[in-house]
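Here chain A shows up in two complexes: once beside chain B, once beside chain C.
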Partner chain A sequence: MATSVLLACGLNEQKLPGFIHISEESNVDGSFLISCVLGQRLRISNAGTLLVCLQHHYQHYFNAGMRLGYNTNIFQGKTLGVIDVLSDMAGEGLASKWLTNTEGQTLTEQLVDDIRAQVESNYANRNSYTVLIDNLSILFNLGASKLQVQQFCQDLAALAKEREKLTVITKLSNSDIYQLTDNNVAKLGQVRIQVLRLKSGVFREVDGKLLIERVLDEGNYACEETRKEVLYKVNDRNVKVFAPGEIGVKV
Partner chain B sequence: MLSNLVVTKQKVVLIIDELNRERIAPKFIGSLLHEQGQGADTIKALPTGVSLKHVATFEALIDKYANNNTGSTTDSNFTGFNVILPTLADLLCYQTPAFIFGFLNRLRRSENVRRVFLWASPQHLQDPHADYILAGCEYLAELVLRLETDKLLSLISRKPGGGVTNRRYSCEVSKTQFKVTPLDGGRPAGASSKQPSPEAEQTPEPASSTFKIELDEDEVLARNALTLPYERTSEPPEGNIIYTPDADDDFDEEDPDEDLCI
Partner chain C sequence: MTSFRKRTVQKPIRGTRTSPHTAQVITSSGNPYLDVVIGGGLPLGSICLIEEDRFMTHAKVLAKYFLAEGVISKQEIFLGSLDDIPAEMLRRLPRPLTDQESMEQSEVQALGDGGAENGLRIAWRYNDLPLVNSEHATAKIGHHFNLMEQMDSMMLYNVKTTLWDDSPKHLDIVIDEEFSKSSSPTTPLLEQQPVEDAPPIPGAEIAPQEKIPAQEDENSVNNNNNNNNCSSVTCSTKTGSQESQMQLFHNPRYKGLLNDIQQVVRNESFVAGTKNNLCRVCLTSLGSPLWYDEHFGEDLIKFLTLLMASVRSCNSVCLITMPMHLIAKYDASLVPKIRQLVDYAIELESFAGSERETHPAFKEYSGLLHLHKMSAINTLAVHMPETPDLAFKLRRKKFIIEKFHLPPELQESSAKPDNCISGLLSNSNATASLDF
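Up next is the complex of A and B:
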């Protein structure tokens, strides 16, 4: 169902690069990537996953997973850990730790501590561990500044460097509005996936474009990089990818 | 090579990167220093990442290298440390601009610091006054290298005497080499100046002056085409006297020897 889009993005391997960033342009929805990666990681034997729910609550990912052919409830508490910020805020209201300045810590500092605690308790037992952050721009809505979000991502990148089998995948929506933050987060990783809208308008057969940039080798004066562009269409139960030019207007 | 132009006597070197090469900034600068034979023990880098949050990280660098508490001054060959700072975007993520400028100034004033390198990518500067901060760094720097495009760069160099040069170069970049060629037709950077080519010996370059003495090709053609007034353009067929009488002259057209029967 989602294998083709992960294959196109180079995210179908068992061992992923240490830091991957997904930049989502305005007016386009790249949430399918998070669901696809989540499904793929859950299917790998003894691979740990931590899902940080900022844009949607956990139930949304469960529903999306059922459409794509996997059941997250089976894995929750075992190989799947969840930090559901939205549900916590809905349940506890203004008393939620995410909305109060607990022990002088900012929201992003608390989040880093929680992620670090989950990783430290689960990482040792797993062949690989993936942290999925969906979506960094919600942190701005929760009061974090751009510098705090940048520091948050630097902390995550440092965490990924400390642990060889750890992969951090972040997503930032409205990346064209938060261009500087997007650039600073993207430079921390080896893979950047940009979810772009079609420049010429809308099309029934295609929802948008994926631009995948991968750093193969860092030289002394220049990097060896690859760039790949594919079109995608999110259907009810799968995601299709097309090469540019493959889809034409039928007259 | 670019390293010939950048690793010079200028102390504070600012590299402004328009090409988004920030991820390899420390490697880039380290390679420039290695190419010029700077030993690894003289190259010191401030740790990047989360450690920049703590002022102690900066103070430790100042204490250890700027004040030279490593004892290296006892070595007769010691010429000073080359300090590679984190990128300006990373510094601004954790510290205020005032702190960064103050730190840069302390390094600049230290006698044990030979060179300071700072990398700045304008498309990464997360500050509302990014332009002002970049201008401030340019003010502090003695050498500003601007990587404009894949093929072009510019270099502004301030000499201790006050002279400023601003030159542009074309460049060829690979993963392991960075070659530059001046755009005004000068010799590529890194070419030996001790053995001039035979052509240069036969036609020595004129001494530089503020007066333009040489003629361009167009000017030579124009000079040759110019006809001066009263200049003969062709040789006359035989000797001839051309007399133009004035108004007061009594000029008689008739031949005075006409009545002689000779």
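Up next is the complex of A and C:
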């Protein structure tokens, strides 16, 4: 269902790079990537996953997962941990801890602490652990500054460096508006996936483009990078990828 | 012992059904043509943004459809606006058509447009085919409305409505009274213009000039500040958290509005996953110049983020109209940020006041409808319409959205369309167009 897109992005391996960043351009929806990665990580035996819900609440990922063929409810509380910021804010209103500076901590600091606590309690028992954060732009919306968001990502990258089996995957929407932060955060990781819209218009067969950039560790030059571009189409129960030029106009 | 389990069919919420495309629970936007475009209706928990046309005529029509649908379906309504008088808007909702009238109307339309009287002489086999894709005819939710006639005010009796217009005249009274923390869920929060300006909405219980706060006492303190500055807390039971709440919005109107919305949607009737009832939240002209202040962009985005969180977590749908053309002039980067926070972003480009108003290619239409965003909420893929080229017509009785198509080039027309178009588009040597 999602194997092809994960294969194209190089995210189908059991051991993922330490930090992966997904940049989503304006007016493009890259939520399917998070759902695909989530499904893949949940299927791996004894692999822990922490989902930080900022863009959608947990129910969305559950429903999307059912479309892709996995049930997150089975894993929740076991290999799947959830920090549902959106639902917390809805339930507690303006008294939510995410909206108030409790104990003098900012939103990003509280979030890092919560993530760290979850990782520390679950990491030891797992073959691998993945932290999925969807979406960093919500932190900007809630008042976090560029510096705070950058520091937040750096803390997570440092956490991933400390623990060999830990992978952090972040997503930032409106990456063309938050270009500076997007580039800085992408530099922290080895893989960058850009979700781009089709520049020439709208096409029924293709929803957008994925540009995958991967930094290679091997070789004499540590800055070697591979780039790959694929087209994608999100269907009701799967995601298809195409090579550029593969799809033509059907007459 | 068999594994057979009797399937219990749960009664759906009034005015909703399960979408055949996405298996989500959807409800009508009020306009059947718009429902077809967005895949049958608005999913529960979604926010639909209507980017207003320049003169705000057509966006308000869609908002009225949205509210009227809520009244007919007996869903709870929250209406907030600074530009309009919410009470007045509720009184001027369009009258619903009966099933008989709807059928007659569609038959008349088919006959009138099909030209059965004239008939097709050469392509006579196409006589019986419908002119436009009549997908909307199969919609099982939603009603048709007559824009020429107003809804009977008695219909509002059965509907709980909550109005918000940040009226300052009540706030002086509110600040002096003791607040009751427990608010009755059956008593809607009604804020309206003074009684001498407009009579109260029938059916809605009128609070005796008393605002029952949501959860914190300082909300009304914020609203009372006409300078839109964050005022200090005068009566509060909490300390540090309240001060940080105070700084959440620089403009206290956002906080007041959000508090009122959250108070309504947190009612147990709208708990997500239950089948009790649905709440329709309608905010018109959000982000208009009446909302402007120094921190306009920041507050607006924060408000929309928290609104998204509230609406997603309960059985509600939200329709917002915003003058995006004005917001874009204020700060162009706000436009994609706002669209990111909504599930449907639909722009109405009206021809009024533009050269297209008299252009022969657009004479049938009142404007173009642009789908800037349709996102998948609670599902993987979003339903895409057959074509993104849509136009709308505001007729006397209804608001129609259909595929935009150019009129046929007839041999009888003396002036070639190319010349007309080139003449209109080129500013130089435009002897036909007059520059004043």
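List of remarks:
Operating definition for what follows: the second predicted complex is superposed on the first by the 246 of 251 C-alpha atoms of A that agree within 3 Å, B and C clash if a C-alpha of one lies under 4 Å from a C-alpha of the other, contacts with A are read in each partner's own complex, and residues count from 1 in each chain.
In this text, a residue touches a chain if its C-beta (ideal position, glycine included) is under 8 Å from a C-beta of that chain, and two chains touch if they have at least 3 such contacts.
Keep in mind that what you see is a predicted model, and the values were worked out from it rather than measured.
Once chain A of one complex is fitted onto chain A of the other, the partner contacts of A:Gly91 are limited to chain C, with no touch recorded for chain B. Once chain A of one complex is fitted onto chain A of the other, the partner contacts of A:Leu216 are absent, as it touches neither chain B nor chain C. In the superposition on chain A, A:Gly143 makes contact with chain C only, not with chain B. More chain A residues lie in contact with C than with the other chain of the pair chain B and chain C. Residue ranges of chain A in contact with chain B, taken from their complex: 146-147, 150-151, 154-155, 157-158, 179-181, 183-184, 187, 215, 217-224. Across the complex, chain A meets chain C through its residues 26-27, 29, 31-32, 35, 56-57, 59-60, 63-64, 67-68, 86-87, 89-91, 93-95, 99-102, 137-138, 141-143, 173-174, 176-177, 202, 204, 234-237, 239.
Touching chain A in their complex are the following residues of chain B: 20-24, 27-28, 30-31, 49-50, 53, 89-90, 92-94, 123-126, 173-178. Interface residues of chain C facing chain A in the complex, by the touch rule stated above, are 21-22, 24, 214-216, 240-241, 244-245, 248, 255, 258-259, 262, 266, 272, 298, 301-302, 304-306, 308-310, 312-314, 333, 336-337, 339-341, 372-373, 375-382, 384, 388.
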